Amino acid sequence: MLDAETVVSLDPDVGYIHRGIEKLAENRMYFKFTPIANKLDYIAAAAWEHLYISCVERLIGLEPPERAVCARMAMVELQRVVSHLFWLGTLSMDLGQPTIFVWAMRERERLLDVFEDIMGGRMTYGWMIIGGLRDDLTPGQAARILAELDRLEKVLPEYLAATERDGLFRERLQGVGAISARDALAYGLTGPAARASGVPYDVRAHAPYLRYTQLGFRMVTRAAGDCWARYEVRRDEMRESMRLVRAALALMPEGPIRAQGAMTLRPPVALSMATPKDGEAFVRNECPRGEGAIMLVSDGSNYPSRSSRSCARG
Amino acid sequence: MSLKVLPSELPALPELRDARDMDDPHAGKGFIMHSVRGFIQEMTQGLFAWSEGRSLWPLTFGIKCCAIEMMAFGASRYDCDRMGVFFRASPRQADLLIVAGPATIKLKDVIVRLYEQMPEPKHVIAFGECAICGGPFWDSYSVINGVDKLIPVDIYVPGCPPRPEQLLLAIMKLQELIDERGKAGRRGRGKTQVVGMPEVTREELLAQVMAHPTFLMGHQSGEPRIAPTPDELARATPTGQPAPDAEGRG
Amino acid sequence: MTPRLLFLREGADAAYGRLASLAGEALARPLFLALLALALFIAVALFATFGGWAERKLIARIHSRRGPVFTGPLGLLQTVADMLKFLRKEIIFPEGSDRRLFALAPVLLVLPAFVALVVVPIGSLVIASSQYSLVIALALLSMGPIAMLAGAWASNSKFSTLGGLRSAGMAMSYEAVLALSAAGVALSAGTLDIAQIAQRQADMGVWFALTQPLAFALFLIAAVASVERNPFDLLEAESELVGGWKTEYGGVYFSLTLLAEYGKLLVTGCLFASLFLGGWTDAGGDLGFLAKVLVWAILMFSIRASAVRMRMDALLAKVWRALVPLALLNIVVTLGVSFALGGG
Amino acid sequence: MSEIPAGAAAAQDPAAILAGIATPGKGARAFAVDRKRIVDACAALHRAGFAHLCLITGIDWRDRWEVVYHLVRLEEPEPVVLRVALPYGEARIPSVASVWPGAVWHERETYDLLGIVFEGSPDPRRILLPQDYEGFPLRKEVLYGNRS
């Protein structure tokens, strides 16, 4: 509802791409749901795939080996860098400046090539299976990741300078859409948006999963809560994620990439996966857009009897 | 319950909604402009087909992950500007609708309205499995199996999500389609082409799709596509509604 | 440098004489004007075509991509393809829209750009020189908001109404800055005729851009706004207003608005070159003038690629709080200086 | 109100829940709460520091409904899980929007897909499906994929 130029009230009408994934989950075997798990947040597919796979692993109590966990952490954090690059592009596109959008997409394409080389796809992967990985992260691929990150580290300050030193860019973001910490918590805001309002809530620090405790994760928060603070939080998170990718690749030991009894397709172990009767698993991950949570309720068969996910409101 | 599909059940191609009479001056076409355009059209058929193909302005309308690939198609590596593709925001100024994502039941009338708002020489590309047949959500209650149930589609681009190069190839195919129609002087729908697959007309495509049982559009035909597993049948619902049998899950 | 005006007049008289002998005295004058108008239209159409191509190529280069390649050599025929395609598009009048006004609005937008070229000197060619050519040019340039409001109101859609109000409001306020900064220059040159102003710069041997830096900057900003280029690009705020007041325009009418955009670009370019950079009177002559207009066009294209769109209230606040006072200050300073120097 | 089948754990009152939370037990701390006491329990927990409502999920166990609340306190990693069992015939539960305004969208989604009515919710409309959509697709009796 507009009053001349100022927005008076807003009633968001969501659901235009509602695909009823909970119903679909109830009618697919656990391992067959992974392609849809990628599409829960299609800009950060690896993060949500890992969320779903780790939830199923907790449901059946299967621990992936150390090498798989470190490889997954490297990919999840690299996916955060790619997702934040896409955010940088669409932010400047919405502000009417397509140049930074095209530059950020160009950098994102280079990292998508790395994903395609390692995980088999540009946007949706299916690289993580229940109990480990489909195929290994070879040293050559790890070296390529490090090379790409070094290149990005050199190029990124140039784009960020183009946005930060541009007075108009700052003027459009500073003091716009300020959200107080109290409102952020009350309305369930999570992720970079909450941290920009001063809410110190990051699942990686709050309930560490993967190897965040060993690698020492530093949470990025700001107090202002306006668009500029959200810009700064995401910019610093990108640098933190790059550091984490390097640390995860360094920590990655030699060893098997699949646990004993991992749900592979050849041999078709995944087709007859047993789940506990009335078992329940609830997992939270820090996805690029906010806290993602999946709850799975199993009834013993190879089909979840109820799956529910909290969409990340970041 | 047999899953055989009667040929009559093939969903008919929705007829062109634009039934306006071209000669009626008040039908949204100034009389003078119309007769002048008629004359120009006859003399410069090939030239206009060339120009229509080389300047396809798509509408910035993306739905899901295929929209991200459409953005990558517009960015610098794949660069749709080379083909003369320039994204426009208003349907009035666009002549290509790239449906990038599933048509959900809530989005149905939005897509149809956008299509009808676009001026006439318009084309539609069904980009990605979701737009072709519902994709990974084919059995969802809120996804319509294929955009061609709503609007006539010219080019299908399979893939989930397809690579931006496939969209470049689709644009080239569309240009060939336009040139071919331009030479033949027909304004109707020519052969529908599926990018990356051999030449196939829309009817052949639908026949293939209909013939293969797993592609059968579940809820379009009313009864469930794959019913619950046998043990779930044992715990029949309180209402005792008998669930039809099926040939296995997965 | 003898003023080139006379040369033009003789050339025109010679052509006029030959025409008179050909078509007889009575017909000569209208025929000559018709030919001149046609030449003018072709000049602007060519500028619009290759301006559009150059813009897409330059912005593509800034984006590190190629831009149109497949239509003609180096993609030169891309804008031709766009314009031809629009000729064949179906013309849709929105339901409940005022049909005549809907069709008239783009024409109202294009005409001032063409008519202004009659008054503004293009190189040494001044078609209708008059003492008040600057006033006429600025008045014609400020026809834009009227056309936008007409188009917005006639399209009978909420997007275009909101877009129309916004862009009309912005264009009107920036026209004020345009006029005031031009007034500063006219005062220091002492005349309102653009050709004379250009001439005066040659006599003084220094460009007004150097003696009047403030007016130069203000004119630049205001010109960018009057052509709706990027920092003031509220028109195509895709994310907010779909297509601004042009939302309902498709087909030929939309191509008219594109033509108008480049027409205005040419007019402001010629004005800019004549008022501030000495026009054709310095060493470069006509070619120099052309170079100045090209520099102006490239500047506008690169601004479009690199500037962020400003918010509506910040935009208007800047005009009335910063730019207009600066322009007035500039006039006062000019008066003071010329009073002190020349004794009035 | 028909009797809730034995499957659901015995309902506890808010004071017991607060005591339960204080003891640093291992594993997710789950508490069954009675339908009438859910708002007081949530208010008590909110005062105790559970400022973040992570997820509200409705489950259709075919013989009873169950609404599961996942609450998170910023200081500790483990979430607290409140489970409210509802008789199958009567899917109604008071809304906790008064405690967390953010709960409205969770509740609207649960109503939209499962048909559990949240009494006193400031915005009881459907959120994901078109407003004129009849039926609640996520219920077990709705055979999968069927539009009925």
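Every chain is named by a letter (A, B, C and D) in the order it is written, and numbering of its residues begins at 1.
In the analysis below, a residue touches a chain if its C-beta (ideal position, glycine included) is under 8 Å from a C-beta of that chain, and two chains touch if they have at least 3 such contacts.
If you're wondering where the values come from, they're calculated on a predicted model, not measured in any experiment.
Taken together, subunit B and subunit C share the touching chains A. Taking each chain's centre as the mean of its C-alpha atoms, subunit A lies 31 Å from subunit B.
The geometric centre of subunit B is 41 Å away from that of subunit D, both derived from CA atoms. Averaged Cα coordinates give subunit A a centre that lies 49 Å from the centre of subunit C.
In whole angstrom, the spacing between the mean C-alpha positions of subunit C and subunit D is 64.
Listed for subunit A are residues 15, 18, 20, 23, 27, 102-103, 106, each touching two or more other chains.
Contact of a single residue of subunit C with at least two other chains is seen at positions 63-65. Counting partner chains per residue, subunit D has residues 128-130, 137, 144-145 touching two or more of them. In terms of inter-chain touching, the protein chains here follow a pattern that is not a line, ring, star or complete graph.
Chain pairs that touch, as defined above: A-B, A-C, A-D, B-C, B-D. Contact residues on subunit B toward subunit D in their complex (touch as defined above): 105-106, 139-142, 218-219, 222-228, 235, 237-239, 241, 243. Put simply, subunit A touches subunit B in their complex at residues 15-21, 23-24, 27-29, 32, 35-36, 39, 42-43, 45, 86, 89, 101-103, 105-106, 108-109, 112, 122-124, 271, 301, 303. By the touch criterion given at the top, residues 28-30, 33, 37, 40-41, 47-48, 50-52, 54-55, 57, 60, 75-77, 79, 81-84, 86, 88-90, 92-93, 95, 117-121 of subunit B touch subunit C in their complex. Within the complex formed with subunit B, the subunit C residues making contact are 56, 60, 63-71, 75, 77-78, 80-82, 84-85, 87-93, 103, 159, 236, 238, 242-243, 246-252, 254.
Residues of subunit D that touch subunit A in their complex: 28, 51-55, 57, 59-60, 68, 70, 72, 74, 77-79, 81, 100-103, 105-106, 113, 126-130, 137-138, 144-145.
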